[in-house]
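Got a structure for you, written out below as structure tokens; questions coming shortly.
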Amino acid sequence: MILKNTFAKTPPLGWNSYDYYDTTVNEAEVKANAEYMAKHLKSHGYNYVVVDIQWSDPDAGTDRTNYQYINFSHFNMDEYSRQLPAENRFPSSKNGAGFRPLADYIHSLGLKFGIHIMRGIPRYAAHTHMKIKGTDITADKIANPYSVSKWNPDMYGVDYQKPGAQEYYNSIFELYAQWGVDFVKVDDICNTNFYIDNPYSAEKEIEMIHKAILNSERDMVLSLSPGPAVIEKAWHLEKYANMWRITDDFWDNWDSLKDMFKRCEIWQNHVSTGCYPDCDMIPVGWLGKGFGQERYTNFTIDEQITLMTLWCIFRSPLMIGAELTKLDSQTLELLTNDEVLHLISNSHGAIQVESDNKHAIWFSRDINDNSCYLALFNLSEESQILEISLKDIGINSKVSPRDLWKHENLPPVEDVLIANIPSHGASLYKL
Amino acid sequence: MILKNTFAKTPPLGWNSYDYYDTTVNEAEVKANAEYMAKHLKSHGYNYVVVDIQWSDPDAGTDRTNYQYINFSHFNMDEYSRQLPAENRFPSSKNGAGFRPLADYIHSLGLKFGIHIMRGIPRYAAHTHMKIKGTDITADKIANPYSVSKWNPDMYGVDYQKPGAQEYYNSIFELYAQWGVDFVKVDDICNTNFYIDNPYSAEKEIEMIHKAILNSERDMVLSLSPGPAVIEKAWHLEKYANMWRITDDFWDNWDSLKDMFKRCEIWQNHVSTGCYPDCDMIPVGWLGKGFGQERYTNFTIDEQITLMTLWCIFRSPLMIGAELTKLDSQTLELLTNDEVLHLISNSHGAIQVESDNKHAIWFSRDINDNSCYLALFNLSEESQILEISLKDIGINSKVSPRDLWKHENLPPVEDVLIANIPSHGASLYKL
Amino acid sequence: MILKNTFAKTPPLGWNSYDYYDTTVNEAEVKANAEYMAKHLKSHGYNYVVVDIQWSDPDAGTDRTNYQYINFSHFNMDEYSRQLPAENRFPSSKNGAGFRPLADYIHSLGLKFGIHIMRGIPRYAAHTHMKIKGTDITADKIANPYSVSKWNPDMYGVDYQKPGAQEYYNSIFELYAQWGVDFVKVDDICNTNFYIDNPYSAEKEIEMIHKAILNSERDMVLSLSPGPAVIEKAWHLEKYANMWRITDDFWDNWDSLKDMFKRCEIWQNHVSTGCYPDCDMIPVGWLGKGFGQERYTNFTIDEQITLMTLWCIFRSPLMIGAELTKLDSQTLELLTNDEVLHLISNSHGAIQVESDNKHAIWFSRDINDNSCYLALFNLSEESQILEISLKDIGINSKVSPRDLWKHENLPPVEDVLIANIPSHGASLYKL
Amino acid sequence: MILKNTFAKTPPLGWNSYDYYDTTVNEAEVKANAEYMAKHLKSHGYNYVVVDIQWSDPDAGTDRTNYQYINFSHFNMDEYSRQLPAENRFPSSKNGAGFRPLADYIHSLGLKFGIHIMRGIPRYAAHTHMKIKGTDITADKIANPYSVSKWNPDMYGVDYQKPGAQEYYNSIFELYAQWGVDFVKVDDICNTNFYIDNPYSAEKEIEMIHKAILNSERDMVLSLSPGPAVIEKAWHLEKYANMWRITDDFWDNWDSLKDMFKRCEIWQNHVSTGCYPDCDMIPVGWLGKGFGQERYTNFTIDEQITLMTLWCIFRSPLMIGAELTKLDSQTLELLTNDEVLHLISNSHGAIQVESDNKHAIWFSRDINDNSCYLALFNLSEESQILEISLKDIGINSKVSPRDLWKHENLPPVEDVLIANIPSHGASLYKL
């Protein structure tokens, strides 16, 4: 019945262009990152290459002084109100080829290809009464002039009650299927404000998109952004999407990382096959060039360990934000620790055991055997000795912990496991 | 310094096309109402004739089944992003004449001419990069794609920080001055939600409009809609506007009328020369044709007396909503009781003396002599005897009340004034 | 680890005194209802007898004209700030016996005994500096003067940070264990407002109560009221409680029943062993005597079928609100349909398949075999034919539905199941 | 009619014990401050000596580690639920004398005496069913158990609908009249939260208190705290009170002082005879001893000039927070600049002319002659040259400014007044 859960059986791993390129990524850059992934990351499970926002705007990124997105820009569209890649940025897309040649190349590397879209239909199409494919309806008849994003000027929401609305969504996903798209990140669709305040329901747009994917007959992972997603709608997200952001855009500062524990706390009972609450991209390595300020991540190595430990035990999708071609060896090692990555696809039932302003403890079990995982986090500003009574996590016998970050077996423990953890750091044990 | 207060020394009285015609009024209809006003109402103080919303849309009102306003309509504009009257509806506006011929006609009747506009610049102008008069800036550079009305699809707010923003407003008010406009009702600009939630400040648009009026060098009354206006911004409204709506759209139902007492309560200390909190149009007589359902007002005659009594003692502007050419004699009499209308221009300092769910008492003084006014309202569902101790309103001597609705002198009263008032009715006395 | 889930393996079924008696129930009345349950309901799975609010107040219900709860009442307490049954209402509680004799009697009938308490410590104890058992601390040191219920005047919340706080909760649950209490309904502890607005965290009081139950070493079901519980805290409720109200007090009107579909929608993925979102008592039969207006339920029989169908497929606890000794045969039949009640303990994974303002469809599976359940609800004001494609619920073969309310086998169905359902009614099928 | 406006014709000036003593002030300390005032401040207009919160609690201030106010404290009361001064702190109050001897002493110095009270009736009186003077009603019958302060644990609000409610307030103000009280600061009664969220209307308590003052037949200034007062209720405050706080507690940090400009902006049109929006005490000189940390004000001298300039042109009441006996000469000079203080009683109609994040300009007129006042504030972090066009404030002729802080006449100015103002500083000119 719910086909979507059959083709994303474990959380997707990959790379996304946003953290480094913002709105500016081009074909050569995408290819270079894909090639790096094929060579260095694919064997560890990473396989999605995702082109993020504004790929249809030829001028994207040219006026960062005034705005991130260009107001009232005239981006590339076909006659059916459908956005096409900007040809100056994606030369292979010329002559109506769209993203097909790029997708083909990425597939040839054994990887999968993803794109970002904004919910809705281009505003320009509505104002100039453009066509909807396969209908005699025009864009102005399905666009909702009151349904506008709070942060991007391009689109109007589509009113599901109007004839032609589903046909529009079908038409764009048919195009993506023709291109060979494997993953679609739909934006401006799952955050709290939109859901709660807005009478022009994002819910219905999610359902139309889900239906359009089924109609396209191609497996495409459906990823919803931005967050925070609304927990009241957990059931709806679980029914129609594969992953949904549980935070606003996540960047490399400690307060945001610490805050993620609150978000994972709320969503801990909502991770299941095909359904992944999403902690957002991993802002490590080199970032921010497209924003006009290339920089190395602000996260310390201990904070990066905390990030990877939480994402992996919680089983968030893992989308690397770094420019891959510039990855240093320490970051590469962090991202490719197979003992840690193992949890993403082989653990389940993660719960928060304890949590306060200074520490957190998470616990999960392996799906294959009796082993279980214990993550200890030091959220305070000083190094800290954390203790956890094994009885409190249901373990009544002696256990031999293995430190998955250090690849070390520790001496057997009875009753209480004790760990000395640096400030902002974490330990992850297999028991 | 504050010139605006010099040309609206008392609350404006007149007629507005909205309650009867909605978006559909045409030139012949405006003229017919103006002619009626000149003949029957002018001598009682009414003199503004105001053309309300959508006068630039040739198709307005043609698709009421789907919406009040036509989404993405292509209405009449000049090359400078300025809306012009739809020529099919206002034939005299052809050949670039605009509203000038109609204004001239209305002036010839000894009346004043007003128009409605929406805050902002047409969305279509922004998307097609139209010009701003007197600059080399285009509409897309000053329009704010996030500043959209919650109920009308036509405009984007103008970002006051952008070069060309003030010039745009100057250009439209120069046009209105050329036309001979005396009164501008600016919409989507003073309600609570817009002020409080929206970072794209309506405040600044009010200031730009005020400045544009000064720049035009023509006296134009500035009326702001819709309400409820925000009391925290009372000082700002008093500084820049002549009148501002203190309610959402007001219609002919008792609950709304009863609710107006709460609104007048809040605003009672904010009525002064040139500054008029506005209770909205008076929905009496025949209404609603443009909405597709012509009907006679739902207000009983007692409720109409309550309405007129409150509006007059509070000193709200009085804008008749009825189709004037269909006014029956009873309604005409109600609207032209000179003893009652006298308060609009000759009383001051109205305060609420008492108020609860069942009654209200208001009191004010005449600006010319020692007389004062007392209004008693029965807000309950049954007839009621109301009493007011004269001492409580600062009167320590015997007084002779005159009933201003009945044109009768009552016997002298000492200590306590007593009145038997029908359900939903009111009495108004001069003391 | 989580012992609470071991002694409430299926949703509790029973009777609660509130809907009929409000604050006034006495010992004889409790016994009479228990005796009825033992005779007529026990064999169908009902076994909890719960004494609801104000059992320690000798004067409860004597001044209904002024309030439901008596302000600043001097109810029965021991020297340790612990409430005791009012002896005039529960004669067997004299001489320090407390609820032990009544619990013994109920146990002798093969039933279980439950009581209601308010979160916190009696205000009177705080103001008069009474003792906390087993400590040298007084009530004023642990009571929080700012943590007061919005609807009951008796208690102050307990500040978990204060020495003596846990000891107080331990002391009251030790007393309940001595009495033989099997079920505790804790009130003023799980509704939205309290959790979100209040800095004096109900969360911590829930944790103290959970700990006090463990400390008492007696299995006591923990039920939290009132609702609506906060979905953000689902994980916390699942960790520490057995059942929690997902609505405000539920009564016999259609709008509230219809609204329950929205609440079950939100909570559908949160029903598991030992964890039961609670739709509140079942207001059927005779109700309201303690409120001063005895009446027969306002629910039609179709609405009652809708109620029972939703509660059973969703797996809410079932607590009868009616006075049992007055149950008519139709209501008794409704409450004891074993084919329907079977779902409470033998189905799982209920999800909402469809839902709008006019209908809802729910689906679940049996835990014992391949059979599954389908509930169709007509929420509209007219009778309605509902259709459900079997493929949409993952059934691809011919099925033979059994109507669980009518106890009838229907002809085999392929592809689409069709049912004609009366307004406000429901059908429940086993497939 | 509105007698309250006859005995507070200009904003009150004086001293309040809170900023230095918090809850701990005693008789000797009050007298010492009064003596200083009589000697050094009285001739400049200061004459109110106000004893702030917790004067009836003998233990106030003894347990600052745990709380500011002692939970469930047993403070001094008479048999009629009325608080009396703690005799250990106010020895002259013994034998039922109350505050009479202290008031007499202060009156003997040519000064006036004020006290603080909390809205409502002592919680202890309600729980122990104490009497209400002149009635056979007990405190539990008029106290509202749900109406509790968010920050002080002593009182319950009084329910105006209950017999005995007005009698209670009458009884306490009769007592204050007997004592010779001239000023009552009523707390927990005018802030936003209380007014808006709370169904137990503070409005009605204000009206009861106003009525009790009239009933007492003694002129007592009515001051309401804390803020921020609600602008929607401006009309109500103006009708029943003399002064009301427009901010939460104000302390000596720049952000709060800068924020005051926003508050004065909102309230600028609400200052009139007998009606004074109140910017709160002036935290200069030595502060904080009662809070456990005696300290010299954090305000720089420029910030203090900004404070005094704003308070004086806005015409806030001026209540000194400093310990007077420790006043240094610079602070004394600041507080006693007669040219500046002159505005408090002799200017009117102050309005904000300009305001943004970096500066503010205020303007008012003298009530005696044609002179006017101009205050320029530098709110930025750097010194700044501010300019104001005289035409913009309605002055079309040459003027000769006098600098009221420097006591200097400046050269005549035409068109534009220019001032160089230090960061966080202000200039005040008489024109």
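Worth a mention:
For reference, chains read A, B, C and D in written order, and residue numbers begin at 1 within each chain.
What we mean here is this: contacts are C-beta pairs under 8 Å (C-beta built on N, C-alpha and C of every residue); 3 or more make two chains touch, one makes a residue touch a chain.
These figures come from a predicted structure and were not determined experimentally.
Distance from chain D peaks, on a Cα-centroid basis, for A. Centroid to centroid, with C-alpha atoms defining each point, chain B and chain C lie 55 Å apart. One finds 40 Å separating the Cα centroids of chain B and chain D. For the pair chain A and chain B, the distance between C-alpha centroids works out to 51 Å. Under the contact definition stated at the top, not a single residue of chain D touches 2 or more other chains.
Counting only pairs that meet the touch rule, the chains in contact are A-B, A-C, B-D, C-D. Of all residues in chain C, those touching chain D in their complex are 71-72, 123-124, 126-129, 140-141, 143-146, 148-151, 153.
Against chain B, in their complex, chain D makes its touches with residues 1, 231-232, 234-235, 238-239, 265-266, 268-270, 351-352, 391-394.
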